[in-house]
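Consider the two complexes below, in which chain A is the common component and chain B and chain C are the respective partners.
Up next is the complex of A and B:
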């Protein structure tokens, strides 16, 4: 009989197992954790993070990295809020146009990001890190440090209206997860991400336009960041420079913990979903059982290291830079 | 003084060294020649300790020694000057020379750079290289780097008692004529300090420099020639002398090609310094073989036809159309398929499964406005899996887990299913076992029959002769000779070798 407990199977299912173990652990520690109400809370905190993590998943599958999410999210949030208020301040008016506008802004920032990386031949981590700072600075320039309130009830219904106990934004996020899954598994673009991440040279010598794939990847990621920005604004009703704060660590942690390999070619959007849930279950669970915030960061950091150790066949890598 | 007795080395499936005896005396220069795959590099690796022999003995001055690694060999006076230079280019010359042996200059944890510089200068004098030891290595010319490498090996002189044996692996392959002469003069002068083992493809140079020449073939030393009565022709015969098996290469299936149609036409094509002045025509059903030693420009030619290199001279027309913009996309669009040498790097994408790899170059045919039609992809994959008898549990299997031969078949299927009728094959049988090789030969004949034009860089000369309709022999990027290889009047190995080196 064949053993199903191979290393490969273990690595593949490890994130799901970790998630289940975590949920059981917190449920045992504190029964209140295991309630629909609390799950809804986890869903609300996960939704924006999931969008951003999905965006960066594509980039990481390509074997690149994108660190611009905080800046991009801030710019998108602020641009959306300004446009929304200027055009009427309620979704019932023409102000709904601010939603697609935010996506366009996100795509544009992503495209610029990609152009800096591809055309100026700057490593993606450096190009995107720099672009992230530019974005944060630009958002601050626009707001002058002010918070912009978005109080339209219709827009806030993302959070306030619930269906089966979960707010609308959770369903919106799941909808975009399905879109991301479709892109990953059913489109040439998605396949190209895997090809570039799995063997860039080969993709090139199979006639793929690798640079174009990269540009489209960063643009797509930018659009997902914009969706994340919209959900983040919908959650607290405020757009400001700080809207993007913390998304870099959370999203990259989620992608890695979910089992997507940092050197590209392996993983996908479902891994990212699991990763986002793990991170948010830890955050939520620690609050529920009453541990201080700094412990959470420490635990997440350790989790990242364990995830990388598990997902790497380190025998095949002689030197690590 | 240094001697190998009845040394054996086996790898899975290959008997790399067969009872090799090898001897070198004090101050001697010994040549080592053989075709690719004859066992030269295995022998060298045994000598400098990178491989341990399975059987037999290594003795120095009659004492048996055993090296676990190159460092132990160095401690017994055996040094290696690498063909692929082993200097770290962003370090200075002196840092390179004493890499791993800095301890002698360290006092209380701090390196005394002045002492290291003067010690390095002394080493550089041995090879008559007058440069500042603090120069960053990347600033040096190739020839200078080679000398630094030699100087680095010569530091062994101070470090160990006893004699030095220095291996020179293809030291002249990238040097100009003057530089070669300088190097040879130097090596002759250094005989007082060390013995040398000189490995080269260039027989005239080997005869010029060495006292004795070991000729290897199929893992065995077939002859030891004293240079006084050596001649190039005789050695060449000993290097290759083998019978070609017609059956093996499916020669009975070799049909005349369609000479009235032209798929690829190159006229004075050149990418200096790799190759230049190349003219040829490729016809449907023709197997055109590029023959030459490593670095004769074969790979660059394939890359140019595919579009990965832009020629600076001459013209290239594919199916009557002049190529102006050279890119891989244009190559694929013209129906050119490229099977590169390193399958792992450029052949298949690990992590993608069989059908994903097969449609990688032609996703446009299997998608509408960017959305893939995966059902059709799988059907295509199943078709080709049965057509080429690819051994895989299903089309969903990750290609990285297939055997080399089956990976090769997936790559061929990728191009053939996409309708490529110009195939560029670079060492398609490298690393395959015999059965898988025969499968590849069969596929090549099938493709010829289907009217595909094939440009082939074969793994061995026999393979080139056996498979091809036409052979172009290259040396240092220049066409030396063109052979017509109609069955019955194929050139012999010796004919080819004669023009190669």
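Up next is the complex of A and C:
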């Protein structure tokens, strides 16, 4: 039996085990946790975060990192809200065009992130961190600090209309999860992400245009951030500079806790789903059992460190900056 | 004169040019009174940037600085009635401890510093929220003046913050240039493999660098809370970006090894001048973040040592 308990197996299944243990723990502490109504609540809070975490998953598989999501999400949310209201303010009119427009904005911002990283040869964590600040600043410039209300009932049906007890936005998120899975496992681009993450020099010498894969990765991530922005606006009905707040910590935490290695090449979209659920179950469970919400960040911080330590193959790592 | 030779002089040239430009636009800017006040206002940020310098100098980064400063504003406010001036010691120890924790996680557990410090920042944030009960707290004015009045007074027309910053920068310069620890820092920043080969305990040097960064972030928080006479778990938000900008604009590259404490002093002054120039040129304050983000990208692109990075991840 011992051979089953290898490091690899532990690393692979640890996130799922953690998720199950957490659910059982909270269910035992407070039976109300284990109800469809509460699971729907977890689904609602997970949906936007999942989109953003999926976007950054691709980047982390490549061995890079993207810290720009707060800015990108805010820009997409604000651009969407302005376009939506300017073109009629309801999905029944031409205002539906604001949805694809938001995706285009997200892709454009992502591409700019990628260009700054690749063309100026700046490490991605710093390039994207700086671009995130620029994005938040740009959103602030657009709104002047105002909140923009998006009150169209048809758009808000993302939250208000339920199917089998779960609101539509949860199904939208699942749809995009399948798209992300398809990209990861059934397209050349997806394979290339793993090739770059597994060993960039090898990928380069086997004829892969690594920089182009990078740019496409960042563009793709930008589009997923835009979807996350749309769901976030759909959830609260407001687009503002603060729409993107806290997504950086939460999404990076989710990806890492889900078991995608920061070194690249390992993990994927299903890991991210588990990671997002872990983060949101902790979040929701703490409130349900009556613990103050602020403990969350500290607990997540500790979990992240444990997750990175578990997923690090010490033999292959020489220097850590 | 090649660009590489001018590069080391760019920070102070930039500073002089910026001051000249703003001075030409509005001569009031150049009044000593105005310049001194501007410098005094920037001191908390400068202290944080000073700490960040050590983290960047060894090739890492400290993203927890802002959360640590937030936390210490709360600690200072809560501890003041009980411990008086001893509150400062608690703040310093808390910052030192969290910084050392970041360093430990980075070096011993092999977690990249931007993740380890982000995680430790999460812990500091929770601690700040817990201690404050999630609200803004205020210091009793008498107690504040009795214990920390010396930090914010005014002598010979010069605000005391400038003396606080001055003492810290002198200590940091001494540490950097006149101690074996300073030489070890330089060795680690210039090239980690060589530092390991020459027998330096690299992990210990790095842990100490992060601990210094945490401690100075805590002192920044302490001074900030004394200045504002209170604390809150979000009061120092918005410090992180300008602090990183100050270090990088000053000429300490993200790849570490060159630059240092004095560069950060110049970098912080550049940040201060850009900030006030936005006032003089009537640029809306909401655009500050965008401007600093772009300045940051430009500064990194100019200063980074690409020969150190075979692959840019």
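For the reader, a short list of remarks on this structure follows.
The rule we apply is simple: the second predicted complex is superposed on the first by the 314 of 321 C-alpha atoms of A that agree within 3 Å, B and C clash if a C-alpha of one lies under 4 Å from a C-alpha of the other, contacts with A are read in each partner's own complex, and residues count from 1 in each chain.
Criterion: a residue touches a chain if its C-beta (ideal position, glycine included) is under 8 Å from a C-beta of that chain, and two chains touch if they have at least 3 such contacts.
If you're wondering where the values come from, they're calculated on a predicted model, not measured in any experiment.
Applying the stated contact rule after C-alpha superposition, one finds that A:282 touches neither chain B nor chain C.
In the superposition on chain A, no contact is made by A:60 with either chain B or chain C. Applying the stated contact rule after C-alpha superposition, one finds that A:300 touches chain C and leaves chain B untouched. In the superposition on chain A, A:201 makes contact with both chain B and chain C.
By the touch criterion defined above, A:122 lies against chain C but remains apart from chain B after alignment on the C-alpha atoms of chain A. Looking at the shared chain after the overlay, A:209 reaches chain B, while chain C stays out of its contact range. Touched residues of chain A, counted separately for chain B and chain C, are more numerous for C. Residues 201 of chain A lie in contact with chain B in one complex and with chain C in the other. For chain A in complex with chain B, the residues that touch the partner chain are 185-189, 191-192, 194-195, 197-199, 201-209, 265-266.
Considering their complex, residues 63-65, 67, 116-118, 120-127, 129-138, 140-141, 144-145, 200-201, 249, 252, 256, 262, 264, 292, 294-302, 304-305, 308-309, 312, 314, 317, 319-321 of chain A touch chain C. By the touch rule above, chain B contacts chain A in their complex via residues 306, 308, 328-329, 331-333, 338, 340, 345-352, 356, 360-361, 363-364, 367, 370-372, 374, 414. Listed in rising order, the residues of chain C touching chain A in the complex are 59-61, 105-107, 109-116, 118-123, 125-127, 129-130, 134, 192-193, 233, 241, 244, 254, 284, 286-294, 296-297, 300-301, 304, 306, 309, 311-313.
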